Structure formats: C-alpha cells, structure tokens
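Paired with chain B in one complex and with chain C in the other, chain A is shared by the two complexes that follow.
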Partner chain A sequence: MSRFQFPKSIQSRPVYGTLSARTGKAHLMVADAEGAEAILDLAAAEPALMARVHVIYIPKDTGTTYVERLRAAAPAQLYVGPSFAAAQPRLRKALADAHMGLQIYLAGTEGLIGLAMQDAIAAGFPDGAIQTEHRGSVARRVQCVHCKGITEDVSQSPFVCAHCGLNLFVRDHYSRRHAAFQGVCIDAEDPGEVPASEGLYQ
Partner chain B sequence: MTIQFNDETFYDDYTFRNSEWAIRRFPFPFHEDSYMYSVNLEPHLSLRPGSVFEKTFDVDEHYVSEMRDRARVLAEDPLRCQSLPHMTLAGWDLLELIMDAKAREYPDLFELHRDGDRWHWINKPLGIDQTFTFLDETTLPCGPMEYITRQAQGDFALLDHRDDNLWMDAGMVTTQADWSLDFDIGMNFYEWHAPVPKAHEMGVFQRALKFLLNLQQGAPVRRLNWTMTVNPLLDTSPENYHKWGVQKTSVTPENVGSKYHLRVELQTLFRLPRSNALAFPIRCYLIRLEDLATVPKWGRRLHRVLRDLPEELATYKGFIRNRPMIVDYLSQFDDGAETSPGIWPD
Partner chain C sequence: MSAGTRKLDVTVTEVVEVNDLVKRFRFERSDGGEMPTFSGGAHTVVEMKDGDITRLNPYSLMSDPRDRKCFTISVRRDETGRGGSLFMHRNVKPGDRMTLSFPVNLFSLDLRAKKHLMIAGGIGITPFLAQIRQLDATNGHFELHYSVRTAALGSYAEELKAQYTDRVHVYHDDRKEAIDLAALLDGQPLGTHLYVCGPKGMIDWVCRTAEAHGWPSEAVHYEEFLAPQSGKPFTVTLASSGRKIEVGEHQSMLEALEAAGVDAPYLCRGGACGQCETDVVSHDGNFVHRDHWLTDDQKACGNKIMPCVSRFEGRSLVIDR
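Right, the complex of A and B next:
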C-alpha cells in the first residue's frame, strides 16, 4: 500500500488528507509516482468527475505502472511527463487559464505536492481550493540553510548537500515558500564526526 | 548625555567590549532564580532613566560598530534583508516610527525635518544627510525598511495581520539567535515558532498571538528573551552555523568567563498605522560572563538559573555541551545568599 502514517510533528510541517471529489466545472489533478493511486481511487468513487478533469502526471520510478489505468479512467486531458520541471510550464498555463472555482487535487510525494502548491498559490488560488494526499515515497525536498541549494528526494538523514557538500541533518521545519524542509550542518561543532545515515522515519 | 561610540568588531578578532556604563545598564533577563517560558509581555513604557527601557529604540555605545557589522553581513548575504511585495507600506511605517522616535529622543544625534511629504533626515553618528519624499521609494537608495534598519540596532521583522494570524512577511535579520529569515519568511506565527520545544504544549503561543492580534497603535509592548553565545558574535545565523558552531569547542575552564556571553534580546512590538502590520524589533545585547558577575546579584542568579534549566531548553538554546563548564565557573559567584526580586542590581 502506498499510504504512510506520518508521526505527529511540529506545526510548520504540512499534514495531508484524502482526496475527495468536489463539485465544480473544472478540476486539475497533479500527481507523481504512487500519487496515481489517489487519482484512481477518486475516479473509481466518482467516475463521472473524470470528464471534467485535467490530469498532469509524472510517473518517476513507477514507469508505466499506472499510465494505462489513468488513461482508462478517461480524464478530459491526460499529460504524462518526464519530470516536474518539464510539466511545470503546462501546469502554470493550466492555472493561468483557469476560471474561478477550479478545484485542485495534488497527490504523491511531498516534493510534488509542495511544488504544485507553490504554483497554485502564486496563481492566486486559495488554500481551500487545494486538496492534498500523500502517497508513495516519504523522501523530501530539502533546502540547505547554508548554501540555499535544494536537494530533491532526500530519504536519509544526515545526507550530503548536492550543491555545497556539507553533511546536513533533515529537520521537520518546513517552508511553503521554498516547498522544502530545512537541512542544517550536522558536524559544525565536531567537524568530520558524522553519524551514520538512517532512513527518515527509522 | 553624549554617547562615546566604540570602534569594535563582532567577528574575527572580536574587539567588542562593554564599558562600565554598558554593564550596569545591561538588560538582565531573570527576575527570579529560575526560568521557564511565559508570555512575559509588558507595556513598552519609558522606565528608569539611563536603562535600555528608557527610549523607544535604545541607542548605545555599540551603535556605529553594529551598523558597520550589519553592512558587512548584508554584503556577504543579501538574503538577510527581504520584503514580500505587499510589505512596502509597512516598511514606510517602520521608517517613520524609527526616525520620529530617534529624532525626538536623541536630538543631539538625529534630526527629522518634515515639510509635507518632503522629509530631511540627519543621522550624525553615521554621517547621513538624506532628503526624500515620504512614500516614494524612488527617492531613497533602497527600500524603506532596508534604509532605516541599516541605521537602527537590532533585527526587525514586519508581521502582516490577516486571517487572524501574523505572517512574517518582511525582515532585516543579521543579529539573530539561530533562525533564518530566508527560510521563515512567509510563515505564520505558529509556523515560525514551530521548532521551539515545550512552549506550544504550554499554550504560550496561543496566548501570545491572541494578545498581539489585539495590539493597539500607540501601545507598544516588550519582553526579554535570552540565550548563550560563544564570543561576541552578533551574526549567529543558521546560514553561517557551519563556520561559527566550532567555536563552542574553543571554551576551556580558563577562558569560559571571557568567551561565553549572555545574549539578551529586547523584543518590542508596535502596531503600525497605515499598514496595520506589526513591527517586531529584536535588539541583541551581549555581555561576558565575567563582566556580568561584577554585579553580585546577577552572578548568583545566573548560576542558579543555568544550573536548574531543563535539559530540553539548554539543548534548544545551544549550550548543553558546555553547560557543566559554565555552571562550574559561575558557582564561584554564588555564595548561597538570597537574591532580591526583580532584574535590577541591588
């Protein structure tokens, strides 16, 4: 199963719900990897909805696992893209073209949800129009507080910053503006003494 | 009185020193022999001539050197000063608040002459003479918040008030106790305080927010907060933690009294008139332990507070590894005598 029960955390850390169909003329669904399952669950519960849905989907390492089932759910538009960055111009166009009342559904990894949320908020959509559901990998986007570079898909802590090479531990402190958790040097006080990496929720 | 401004540094060779005057007026933050979080807000009224609570924005002997240090930090990292687009008006509100207070309370140092929207600002200690049009950004060399906070000691946050919450949407942050403006900008009151242990469960933030949402114009409030810092480093930022963190290992029983500083923040909050935002100045005062202990009551009390502080707080405040050494050093100043209530020296 692709669902993960996140432990209770601090108040800046996002919490995710379960997607549910809302009434409305237009619906935008953005998902990556196992996030497709959340869309398929919604389509199974409300098949009629899909005729008004634009799906933007990035399979990541799930390859073709969900693509045919998404197509079979018959959304009005289905886009399958190679990366979020590749999908972003299309997402922004969809948000810019949308009329008031567009319902937005985000599903998948925290990185995908955070990035799509950034674009939706920048386009002027209120929080209340955006639903989220976490599925799949618990890896995070992490901003290095020192060099400001963001490392994608971080699943271990500490990890090496992809930009400056410092050893960072991953905090639960989260910035919506950066769509990222915060990474802080773990061996600043004892240079070179880096504890063994562990999975984020181990 | 005329202030003699020190020529000193807050990094590298750390030539920062407090004069006897600065030691005696230091804002000692403990009114009793123990410490726990509380919503310790009080009206920001003028109190005790000569104390740091006398003026709206205290100016002291470190002013010129602190402003030089701010310029240095900003040159290295411009992200320490950020303002989201809707916060410009609050920046003007802040500029007016600071210029007006400084000119009124320190007429020998600052002058503000207004002719309608045409303002003339003179800052003698920094050698600034600026004519500009109020509310016209093109007439200042930078945005209004940046302009005035390059001339005012302490960090500044501007908090937007909407949706029954406060949002940290602008700030000038170069003398912080280990938090990142670049990361926290745009967060609401609960979110930017999220990493603080214990206080959420105690209801401190709910009560503080409720109070602050009702803050009125002309009725500012203040509180003190504190931590411990190795060397008189103003810029204890997370951005540079990988550079300064190692200084914590340079402390020995021989140098702990001169290396370790009590770091006190005088936090004030003002409702701003045009933007309805809150200005949140966070002014940092540093004092060496050996200087602090020249006031017998403070030496005694700090020993007791640090000795008995819950481990979680000592960890959060970043001095857990050196606490035994600090407490051991301070114990020589604690003869067990009773201390008087309140923060003032006997």
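Right, the complex of A and C next:
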C-alpha cells in the first residue's frame, strides 16, 4: 500500500488530500512513482474523465510497474519521462497553452507535488485549487539553509548536504517558493557531535 | 465604531449629474491635507446627517487610487430604498461638510493574476473604474464587459470606450445585446481572475456559470452590498447590561444599537465583510438572515447574527454585546 498517514505537525508543513474528479474543461495530472495509483483509482471511479486528461508521469524507481496500466486507462495524452527535469518543458507548455476551466491533479512524492505546484502557481493557477495526493516514498526535497543547495530524495535525518557537506537536521518547515523542506546544521555548536541518522518517520 | 477605520472630515467640491439616475460627488479634505491611499475596489462609508437620522451608506471609490487630492463616488438614485441615495441626490451640495470613513477594500484585485476579466452591470461599474486606473498605471492586463440598460444610462461607458477601445465591451439591454458568458469564460488563458459587480441576479449568474465551467472559487471575486431591508420591529437585549433596545421597522439592528449609543463593530454595513458578527446568547423566535457571511450551517444553528442586514422575528433575542 502506497499511502502514508503523516502525523500532525507545524502549520508550515503541507497536507495532502485524495484526488477527486472536478468539473472542468480539461484535466492535467502529474504524478511520479506510486502516484500512478492515485490516478488509476480516479480513473476507475470516473472512467469518462480520462478522455480529457493529459497525464505526465515519471516512474522513478517503479520502472514499468504502472506504465501499461496507465496506458490502459486511456488518457487523451500520456507522457512517460525519465525525470521531472525532463518532463518540465512539457508541463510548462501544457500550462502555457491551457485555458481557465483546467483542473490540476498532482500525485506521488512530496518533491514531485511541490515542483509541479511551483509551475502551476507561476502560470497563475490559484494554489488552493490544486488537488494533491501523497503516495509512495516519504523522501523529501531539502534545502540547506547555509549554502542554499537543494538535495533531492532525502530519506534520513540528519544527512550530509550534497552541496556543502554540513550535517543537516531535516525540519518540517517548508517553503512553497523553493518546493523544499528546511535542513539546518545539527552540530554547529559542537562540530562532530552528530546523532545517529534515522529514517524519516521511523 | 468601525474597527480600524478612522474618520475623514471632508468638503464636497463638486456634484455632477452623470445621467438621469446617477450623480457623482467629489470630496476633498476640509483641512486641505492629502486623502489616504487606497487600492482599486475599495469603498468608503458616507455619513449623512438627515434630520435626526444618521445614515451610513457604503459607496465604492471610483477615482484614481494615486490621486491624493480627492475621493469621488457615484450614487445611483434608488426611489424605493431607505433614503440614503435620495438624500445624496437632493440634499448634498458643493461646499457641504461631510464625514467619510477611511477606505476599506473587500473587492481588491488579486495581483497574482495573469489577466483580470471584469464584468459590470449598471452602477456596479464604479469599483472597476478605480481598478482600471490602477491596472492602467502598472501595465496590468484587463478586459471589461459592461452591461447597461441604454446608452444614455451607461455611466462612464463612453469615456471608458474612448480611452481603452478594444479592452472595453459595452452591452445595451435596449438593443438586445447580452454578454455571451459561456464563450467568454471558455476562452480565458490560465491565470485569469474573474471579477463581477452588479445586481444580485448578475452576480449569481456569473458565479454559477464560472463554477460550472470549472473555474476555481479562488479566481472568482464579487462584490454585492446588501442594503438593510425593512421588516417587523423587534426588541434585542444586550447580555452584558440587560438593556433592551427597540429595532424599528426601517432601521437595521446595527443602526438601532448605534442610535442607543452602543459601540458595535462594523465595516461594510452590507452583510459581506463579517466584522459585525455577533454571538446570540439566547433566542425565542426566528432569524431573518440576509448576509452572505455566515455559512448555511451557522445560519441554521442560530447562534450568530450579522446585525448590519439581518433581523429577528419572535419573542426574545439576547446578544453578546
């Protein structure tokens, strides 16, 4: 099962819902990895919707697990790409060409949801109207508050910043602008005194 | 008092008859100072000393928000209203001293929008006049669709058309011209925000159609001031002091509280802003809720009332004031 119930946290931490079909003229769905399950659930509940859906999907480490099932759900357009960066020009073009009446659905990891939301907001879409559903890995995009470098798919805390090498504690403090959580040096007072690293939510 | 809104002592410097129904009033500060800044869509509450009655009516500011010299408003004469607009039309002359509230904006532009699509009906044009001036100064992208009864009654339609040409579309009822709303909504680029101001029927139509076309509610903005309506007189009891206050037939509960010297909060006086929301301690009877602030559930629950527009019919009403 790809669902995870996040414990209650600070206000800054994003919360996610469950995708549901909304009235619209066109529908854009962006998902990665197990996020495909959220799309498939929606397609099963509302098969008629798929004829007006553009799906942008990044399998990540799920490989081909969901690709054929997504194709079988018969969306109007299905793009399968190797990474978010590779899919981003298509996402931006789809948003630039879209008209009001579009509905946006995002599913999968927090990194994918946050990044796709950045582009949707930049296109002028109200953030409160974007539907999101978390599925799969609880790994995060984390920005180092010291060097500002962003490390993708962080699943341990503390972890070593991929850019400056500091030991970072992963906070629930989130930036929509950066689509990243905050990582803060954990051993600034006593360099080298780093607690054992643990998996997020373990 | 109106929370956060100080008063402005002003002098009427110009009264212009725009057409058979509408007069425009220009106010400048009596002390010669600058007016406060405001943003397009803001309104001011005009205090009118009409004999023994003090009327407080909200009007949208239509002047250029950058112009610190004056505020202007346009008032449509309402023969069947409670008398505020008739007072403005008949009694207010250049040179008169009046009191205005500081501006309050409950209908502001969402400046994150890529485009502003405005729909106005009749005197609902006024907030858009200020918004258009604001957008024009900042190179904002807007388009106005303005529905009027006849060319003669189309306040400011000619001026807007002359200045903004193809960004302004005017529809005349007497020529059977109507806004093709469905086509208009379907063609809008992503990031468009929709604004509507006009009669209640028009606001409902636009909001309903936008929802049916998949527009998010965050991108749909409307302003509708409800004038308090007359109703059966009733008595309201204040929980803190036990005082009983009579609310007359042509008075709102808020006006009755003010007349009795009670310092009750308010802002829009039209059921929109939520500032006057008051807890009901107990009641025996029925509420006549007329605001569009409280949710249907809250209205059914009966423990809150908006004294600016809502009334009560029954034996007793005790409010937390």
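Note that the second predicted complex is superposed on the first by the 201 of 202 C-alpha atoms of A that agree within 3 Å, B and C clash if a C-alpha of one lies under 4 Å from a C-alpha of the other, contacts with A are read in each partner's own complex, and residues count from 1 in each chain.
Quick note on the criterion: contacts are C-beta pairs under 8 Å (C-beta built on N, C-alpha and C of every residue); 3 or more make two chains touch, one makes a residue touch a chain.
Values in this document were obtained by computation on a predicted structure and should not be read as measured data.
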| item | value |
| --- | --- |
| When chain B and chain C are modelled together on chain A, clash or fit | fit |
| Which superposed partner A:C161 touches (first chain B, second chain C, both, neither) | neither |
| First (chain B), second (chain C), both or neither touched by A:F125 | second |
| First, second, both or neither for A:A188, with chain B first and chain C second | first |
| Touching partner for A:A107 - first (chain B), second (chain C), both, neither | neither |
| Which superposed partner A:A98 touches (first chain B, second chain C, both, neither) | second |
| Touched partner set for A:H146, first chain B, second chain C, both or neither | first |
| Partner chain(s) touched by A:H178 [first = chain B, second = chain C, both, neither] | first |
| Vertex chain A; arms to chain B and chain C (CA centroids, nearest 10 degrees) | 60 |
| Superposed model, chain A: greater residue contact from chain B or chain C | B |
| CA minimum distance (chain B, chain C), superposed complexes, angstrom | 5 |
| Contact footprint of chain C on chain A as seen in their complex | 22-25, 95-96, 98-103, 121, 123-126, 128-129 |
| Touch list for chain B against partner chain A, complex | 79, 180, 182-187, 190-195, 200, 238-246, 248-249, 321 |
| Touching residues on chain C, where the partner in the complex is chain A | 112-115, 185-192, 194, 211-219 |
| Contact footprint of chain B on chain A as seen in their complex | 10-13, 143, 145-146, 148, 166, 171-178, 182, 184-185, 188-191 |
